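What follows is a structure written as structure tokens; I'll ask about it next.
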Amino acid sequence: MRDRQASAPADVAVPVGAPPPVAEIGAEPGPPADAGGQVALRLDRLTKVYPGASRPAVDGLDLTVPRGELVALVGPSGCGKTTTLKMINRLVEPTSGTVWLDGVDVRSLPVHELRRGIGYVIQQAGLFPHRKVRDNIATVPRLLGWPRRRIDDRVHELAELLDLDPDLLDRYPAALSGGQQQRVGVARALAADPPVLLMDEPYSAVDPIVRARLQDELMALQRRVHKTIVLVTHDIDEAIKLADRIAVLNVGGVLEQVGPPEDLLREPATDFVADFLGEDRGIKRLSLLRVGSAALRRGPVVGTAASADEARQVMAREGTDWVVVCAGDRLRGWVGADELDRVATVADAEPRRFAAVVRADTTLRSALDVIVTSRSRVAVVVDDPHAGAAGASPDARYLGILTLDDLAEGVTG
Amino acid sequence: MTAPLAAAEPLVRWDWVRDHTDDITAALWEHLHLTAVSVAVGFAISLVLALVAVRWRWTYEPLAGVCSVLYAIPSLALFGVLVAIPFFGLGFRTSLVALVSYTLLILLRNIVAGLDGVPPAAREAADAMGYERWRRLLQVDLPLAVPAIVAGLRIATVTTVGLVTVTALVGMGGFGDLINDGLSRDFPTPIVVGTVLSVALAVALDVLFVGLEWLITPWARARGAAAGGSGRAEVAT
Amino acid sequence: MSGALGDMWDYLRSSEAWSGRNGLPALAWAHLRVSAVAVLVAAAVAIPAGVLLGHVKRGALLAVSVVNIGRAVPSFAVLALLLPFSLRYGFGLGFWPTIVALVLLAVPPIFTNTYTGVRDVPADAVEAAQGMGMRGGELVRRVELPVALPLVLTGLRVSAVQVVATATLGALVGYRNLGTLIVTGFTSPNKGRMLAGAVAVALLALAVDAIFALAARLLVPWRRKPGRWADAAVAGPDGGAAPAAP
């Protein structure tokens, strides 16, 4: 394990494909059947009773984490999320039960070696205040005795991967913003390219805007490096956004439900899970779907040269009182029925810009938000990386339209 | 012990100072030597005590208690006791034991406070990344405790410089010998010279430590006052 | 050593030890008297000054300087310097030089602890008090001083212990106290008196320390809960212990 992770560059660390279905709960004791196979991490009846505590912090937890997946642990404060995470890298020793890492009982490894092979990211980043950013990132490679050249190369590689300005490398952590510190924390955890990453509320100490950006970065990063990640959060939206699967814990470390976000949102197994997901469960499901994956309607489209009559026919066919105007496949704007009276072609009516513009990779939830805040009932979908609140660029490619009815179907369908 | 001072006697006779530069230099070296050895020995002992106290928490109270008792014994009384023991007698050993015993409480408290002040997140991160216990101590805990440790060293050193003047009574006094000499001859010049030089030495060593701390804690400079430093008022305990 | 212990035992059993102006009771009383006066005078100077500067949150540099210089000036040297002047201006041997040296010793810890304690009263507590209409003196009396009290008491305690220990040096300039037993013992082959004097001073210092610890416990009940009192006395990274001991 050490050799492979030490030599593999970040983005080819672990071979992945679509993870095949995995047995949800391993009830039988003993090593997992597929040691070294698709299951990276398995918690087997993991229990922790802190000395002097009357009830367990974690109670008989079974959980399987497939290789290359991000599993989010969510639950109310004090339900044992952190405890569970720390039992994986043995910062906390379980009272009973076993953690299997690649089919190996973690207790059979020397604790320092185990930890050097598992990345760990915590809320306040936990950077060493007395070391420059570059030395913080180099911590584990140094512990592993990498040659200096290789460490330098790796530090720069990570700085690039995490979008850290090279100037920052020679600063001390005190001179970084919260978001930058958190990125350095992630870089440090990834430094020796560990196959497994544990993250404990990594983004709860930064403001919502930075948090959203860091989450996006993590998703982009994960698409490249395919780590096996256990992420603790009590932000259910963060879990829905990032996780392949979500495990909901109840107080006392009892597992209530585990599964892909869609499954949880569609069919919460217990009232507790339903409560925890919140009353706007349906709306939350929208954040799992992208505009491009919904069947886009072509909508009432006419060319710039279309006559007023042609435009009226299209409106009648589509049941609208407006048309989309395109030049070829480029979006020009829209024209309303009452503007057609005085003109020969729609181009003469000077098409107006859409108030609501979304992209194919926008989530349905954001699309709903865009539509509602623009006070229209429809958003235009374009293929334009810069589309956003300011609208689309003049030659954005037109993909279709999205109406409130389409969104409603996304929730119920 | 003393006779009324001749009214005409000036505070400082500069010709005496000129004639005794050798004595003054010798006193300076003796003063420095005693201070350096005492603080070094005291630091070594308190570092060990502090590590024990941090590792086994329950030992802290008893250890600090013993050091408090040592601290509360007046130097003169300690000299009195030690001089009576043949192994110590008059001279270096007695001075050293007394001086070291006064540094222990100050240093122990500051080292422990420094180690306790290491940010828990940094400590947890170090553990999670696979530091062995000793390596974490050397590479994370102790460096981060440096400001507190240096604060303790400053107080201990300045205190020791002052105390060395008293060790003149057991025959090893640095500038204290000058003071003692002046006192017994009713002659103010050596008293003034000894006092001024003793204060100057204390201030110089204090400044030296401030500079040392500045040198070895570059991270504390990263964000000015936010990182703390030597400028804050000190709280006596 | 055992010889000296035996001598001490003999001394303690003699009537000389318990009566007359060289007896332990008389010397201990003189010792306590000079110490108490010194601490009271120091407190009368240092506490108002510390409160005032702490209240207006100015003078950090002054505070640091007072402590550092105070710590650097050896009490022994002060005594030696003052003696000739005391004689020249008719204050005589002993008491007055001793008092001055001890006051100088006692001021820094009381002053800094008061200053820091008042200055560092949580801003929200001060604002809440101001919101309730408290101003100036009332704010100091009803909020800042009570909150700073633990630190002030710690400063007094440190000063008192040092003063008791250092008063011993007064014997060198002719102020008769427990130190006299020690000083005369240096030159005597019989170490019994010296040892008795040393033990007596140490016990006295520890007793004063214990009394102040107890007083703090009684006067500051709200500080008792979280952990040990002794630890409340530990200053932050910059703090540490006290200025020049004897």
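Some observations on this one:
Per-chain residue numbering starts at 1, and chain names A, B and C are given in the order in which the chains are listed.
The rule is short, and it goes like this: a contact is a pair of C-beta atoms (placed from the backbone, for glycine too) under 8 Å apart; a residue touches a chain by one contact, two chains touch by 3 or more.
Just so it is clear, the model here is predicted, and its values are computed rather than measured.
Located most centrally within the structure is B, per distance between chain CA means and the overall CA mean.
Taking each chain's centre as the mean of its C-alpha atoms, the one that lies farthest from the centre of chain A is C. Averaging C-alpha coordinates per chain places the centre of chain A 57 Å away from that of chain B. One inter-chain figure worth recording: chain B and chain C are separated by 19 Å, centre to centre, where each centre is the mean of the chain's CA atoms. Taking the mean of the C-alpha atoms as each chain's centre, chain A and chain C sit 63 Å apart. On the chain B side of its complex with chain C, the touching residues are 1-2, 4-5, 7, 9, 61, 64, 68-69, 71-81, 83-86, 102, 105-106, 109-110, 112-114, 117, 147-148, 151-152, 155, 158-159, 161-163, 165-166, 168-169, 176, 179-180, 182-183, 186, 188, 191-192, 194-195, 198-199, 202-203, 206, 228, 230-237. Those residues of chain C lying in contact with chain B across their complex are 1, 4, 60, 63-64, 67-69, 71-78, 80-81, 83-84, 87-88, 93, 108-109, 112-113, 115-116, 119, 151, 154-155, 158, 161, 164-166, 168-169, 171-174, 179, 182-183, 185-186, 191, 194-195, 197-199, 201-202, 205-206, 209, 228, 230, 233-246. Chain A contributes residues 89, 91, 111-116, 118, 120, 122-131, 139-140, 143, 171-175, 188, 198 to its touches with chain B in the complex.
By the touch criterion given at the top, residues 119, 121-122, 124-132, 135, 140, 143-144, 217-219, 222-223, 226-227 of chain B touch chain A in their complex.
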